[in-house]
Amino acid sequence: MAGADLGAVSLQSRLVQLNAEYARALDDDRLEAWPEFFSPRCRYAITSVDNHRRGMPAGLMYADSQGMLRDRVSALREANIFERQAYRHIVGLPAIVGEAEGFVRAETPFLVVRIMRDGRMDLFATGRYLDAVIDGDPLRLRERIAVCDSSRIDTLLAIPL
Amino acid sequence: MAGADLGAVSLQSRLVQLNAEYARALDDDRLEAWPEFFSPRCRYAITSVDNHRRGMPAGLMYADSQGMLRDRVSALREANIFERQAYRHIVGLPAIVGEAEGFVRAETPFLVVRIMRDGRMDLFATGRYLDAVIDGDPLRLRERIAVCDSSRIDTLLAIPL
Amino acid sequence: MAGADLGAVSLQSRLVQLNAEYARALDDDRLEAWPEFFSPRCRYAITSVDNHRRGMPAGLMYADSQGMLRDRVSALREANIFERQAYRHIVGLPAIVGEAEGFVRAETPFLVVRIMRDGRMDLFATGRYLDAVIDGDPLRLRERIAVCDSSRIDTLLAIPL
């Protein structure tokens, strides 16, 4: 393999690891680890595909620093929801779509299943992550926009995606 | 790593990228990009596991050249379905199952969620891609047979998988 | 890439291949191939997240050798269920979480869709594999605990996950 090829393989491999660890932190309810996947200056938002297409601001969750992500986690912990449901993220294969402004741009589909306390499961959300990633060791998210396919996502308010 | 090992890693990595880009083109409704994942001479079919097992011809969609794939896309565009539903492909991990007749053979599971305009989501299809891939830069599909697990797939007619 | 980095990329790539082949064997109903993914001395269990958290023994399926896995397959074949349903595993991205006692520890989410003979599909199970993997060529499972998110899994008894 040529050096460029090796680099592409390595980058993809590290994106896979980043996404796997990210999903694992959320599904294990280790929310305090979640802001650590981002750089100190960052942008995180949950939006719907309709809002995203129209260039409308994200309505569901928005943060523009790691500190705001930490505040969000604290707020969730204080809400202290009893017997809450669980979630399972199935993150698809990441596509590296380019480099821009010094960041690696990647798009990765996701599917989230919600598991109720009584054992019922349902499709909770699908969509794609639009990422700007800082290429370091480890990779860090400069930006992650979670664009949900469905606009029926009011109940998403409770958790990061 | 030995050279052979490196080659296997690189091939898997490029299969991941191919599948990620393929799913992304379909889900972004960039159907015109879809034939470009195939070689000029190619075979594409959507079938059910029952038909596939019996060696019956694919009933749902069939094309044996990139030109036919382009025609298919044109026909879909002309049908010009209003307010149509969206789809989300979650493509699983590709298994490299061998080489035959100069092609890499791979099998990759998929799951497709359909998102209605009112926000409802349902499991639309699951199955596996049976691929013959031409090992070049980039990889191109010489053959992709999408074998659906369920035979209830009449409504599939509308979109490539 | 440095040697260590190459090693990590190679390990992840082989974990992807292991998981892809594992899922493929189950979904193709090649159950006889399933014990071959394990080492002769091994541990396999299916449990629920609640039981796992409480340290309770796995109730649904348990084996502590490759021989027991083979017995399990024989029993399933003898039960010889007519017109049985099919399954589709979508295995997520594997996270390498460390090394312990000479094994690679990995965690990998999964989602299983069940396809009835009449074509209906439903979400059958979600969860994660907790693996101890022997780093060889090929990789072999020393331990795989399939922890299901839902405790409603009585019907799981029929098949390995």
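List of remarks:
Chains here go by letter, A, B and C, matching the order in which they are written, and residues are numbered from 1 within each.
Methods note: contacts are C-beta pairs under 8 Å (C-beta built on N, C-alpha and C of every residue); 3 or more make two chains touch, one makes a residue touch a chain.
Bear in mind that the values here come from a model prediction, so they are computed numbers and not experimental data.
Here chain A and chain C face each other with different sets of residues for the most part; under half of the interface numbers are shared between them. Per the C-alpha superposition, chain B sits rotated 120 degrees relative to chain C, a value rounded to a multiple of 5. Chain A and chain C have Cα centroids separated by 26 Å.
Among all residues of chain B, those that touch two or more other chains are 9, 13, 16, 90, 111, 123.
Partner chain B is touched in their complex by these residues of chain A: 1, 5, 8-9, 12-13, 16, 49, 90, 92-96, 107-111, 123, 126-128, 149-153.
Considering their complex, residues 6-7, 9-10, 13, 16-17, 19-21, 23-24, 27, 86, 88-91, 111, 113, 115, 118-123 of chain A touch chain C.
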